[in-house]
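Per-chain numbering from 1; labels A, B, C and D assigned in written order.
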Amino acid sequence: MTRTRLEAFSDGVIAIIITIMVLELRAPEAGTWEALRPLAPKFIAYVMSFVYIAIYWNNHHHLMHTVDRVDGAILWANMHLLFWLSLVPFTTAWLGNIGPEETLPTMIYGISLLMPAIAYTILVRSIIAEQLAHSGGLHSKLRDVVGVDVKGYASLGIYLAGISVATVSVRLAWAFFATVAIIWLVPDRRVTRTLKS
Amino acid sequence: MTRTRLEAFSDGVIAIIITIMVLELRAPEAGTWEALRPLAPKFIAYVMSFVYIAIYWNNHHHLMHTVDRVDGAILWANMHLLFWLSLVPFTTAWLGNIGPEETLPTMIYGISLLMPAIAYTILVRSIIAEQLAHSGGLHSKLRDVVGVDVKGYASLGIYLAGISVATVSVRLAWAFFATVAIIWLVPDRRVTRTLKS
Amino acid sequence: MTRTRLEAFSDGVIAIIITIMVLELRAPEAGTWEALRPLAPKFIAYVMSFVYIAIYWNNHHHLMHTVDRVDGAILWANMHLLFWLSLVPFTTAWLGNIGPEETLPTMIYGISLLMPAIAYTILVRSIIAEQLAHSGGLHSKLRDVVGVDVKGYASLGIYLAGISVATVSVRLAWAFFATVAIIWLVPDRRVTRTLKS
Amino acid sequence: MTRTRLEAFSDGVIAIIITIMVLELRAPEAGTWEALRPLAPKFIAYVMSFVYIAIYWNNHHHLMHTVDRVDGAILWANMHLLFWLSLVPFTTAWLGNIGPEETLPTMIYGISLLMPAIAYTILVRSIIAEQLAHSGGLHSKLRDVVGVDVKGYASLGIYLAGISVATVSVRLAWAFFATVAIIWLVPDRRVTRTLKS
């Protein structure tokens, strides 16, 4: 019951986040290719952020499948994740305004990807802690599924590397950020597999 | 369970898409008919896109009734559909700015209708593939319902025809686009019928 | 199942409609009463429309309780209702821009209240028709509850009277519109009572 | 059933409220720290309001767990709460425009926190009243949980103190407002405990 409402609220917030980003694509006043062309960097930024948010929704969806009870820590860890995700439309809009070649917007965009990743890790920890507490430290469905969360920690590392390297080469930073997206575009087979069996 | 949340998220996104389009109708500063009149093309564009999005919601609703399980391919095929639908407010706003008589906004609007149609077809394929895989290739509830998807492929063809013809006659393009709406305004009786029996 | 999703989608759309109206209250650049005062008509318009939309949600909520199955006619009647409700933020914003003393924005606002009322009546008819069809013409839960829908038809009449009278006296028009709100602020005891028994 | 839909609608509205606030963070046209810096007060205001709205959602969530039936009074008490919450994006935006040092925006922000607190208290009363009425005055699950609502009434008092003191010292006002947030950031253990046992 409780989990259902947490999912419903998260769905609502994520649905709004993913959709309001399109409001940055302001329709031009002229009906020509020339008028459309300046929107290209905004469009690319939108597509990219849509994919990142979609990845978060998919993984959140898988994650919640392992949750039986929701306590205060999980509620707030989830809110914390939603908070950082809610900043992505801002960093996306900034990137769309400036283009992907300047250092600061690239770094800030990277940070707006890193922070939800950290929040996601905290959410995973909170769920495992609740499951262990509830079973007297014996069992956590999610811990069994996740094991040592290589993919999660790797993402944090790659984001950090990308943010750091942005001062030297913006292109390299984007390559790092893209790597994380590719890692996660593959749905988390570990969760799927364990839940199926 | 999983299907429920996919529906809930899609409902959220589609509800936002269909509603934010009305934000393009900016209230005039004067309280006269003269001040209201320039909004006419924006209003017509809004009505039209509302109907198209409503058709997608209705069909998505019918489609999801045939789904028992959701795998990664279905999740992403659904996200892909939502992505293209999320661009309709932009192409609608552009059309509302320019009016329906210029070629490029008409073509782009047509493309913003064609792309979700393609995405919908991919979603149908993904669901059928999952159902066949799950039953060892024996059975797919959705395939039985849809059969050879004449209506879906006809829509793709008519949209393509409309987009192509827009360079010659914008009116003819609109006639093509309207034809698809009319085809789909009739709810998909095949799905309804099969599910009832 | 079907009803649940219709409710969820309607909830989403109505939640967005009721909330985006607040975006018209643009925060002033100065921190003084003088800067705040021009927002007064916008604020009053917002409160008023919030109440009307809330009434619709409440009644929609009661109405849906009597629905067991959803057919195409009900789906589209519901979409039709949502369409007219989605225009209320626009007519509210216009009213907020102009103030309640000019004829045309008052009439258009009245029409934006009348149209959902008509759409609601059509939705009621669609539900009754489905229930009669399903029971071979014998029974409709909703018809038993609603009987001769005095309140519904009275609302339509009062709205029409208000819209007509606006050309003569805007104040009288507002009195008419307010009357309908008062009628409906009392929750529909007939539905509540019948469902309880 | 009814409770579920009340929760779903409230979730939708609260999700939109919490998310549209981020639209006030308009992306700068330059990619520099200098361009980003003026957004600092808006960002701080956003974080603060996000936390307050999140607290309301969490408490609403706990509160609804004690509700078995929804009557008209509860429906409207809930709408009343959502109305005041819907003004928080406006008072947040004003605060973000002006900064936290001016008296009037601080007082109005305090009022926009006080009013939902009052509305929440009314909602609690409505639920208890319904539970007592339904059990013939014998029993109310929520009253057993809440007892004398020290925390609720304390919040009202502290908000009032903060609003009053703002004319003398804005800093002291913020200290008062922050105190309420801290009180409520601790989830309502009384409800959680009672529901668990």
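Here, contacts are C-beta pairs under 8 Å (C-beta built on N, C-alpha and C of every residue); 3 or more make two chains touch, one makes a residue touch a chain.
Note that the structure is predicted; figures quoted are calculated from it, not measured.
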For the two copies chain D and chain A, is the contact made of the same residues on each side, with over half of the numbers shared, or of different residues?
different
Chain separated most widely from chain A, comparing mean CA positions
C
Round to the nearest whole Å and give the separation of the Cα centres of chain B and chain D.
38
Roughly how many whole angstrom separate the Cα centroids of chain C and chain D?
27
Shared-interface residues of chain B (touching two or more other chains) are 8, 12, 15-16, 20, 23
Chain B touches which residues of chain C in the complex?
1-2, 5-6, 8-9, 12-13, 15-17, 20, 23-24, 71-72, 75-76, 79, 82-83, 86-87, 89-90, 93-94, 96-98, 102-105, 108
Given the complex with chain B, which residues does chain A contribute to the contact?
7-8, 11-12, 14-16, 18-20, 22-23, 25-33, 36, 47, 50, 54, 57-58, 61, 64-65, 187, 192
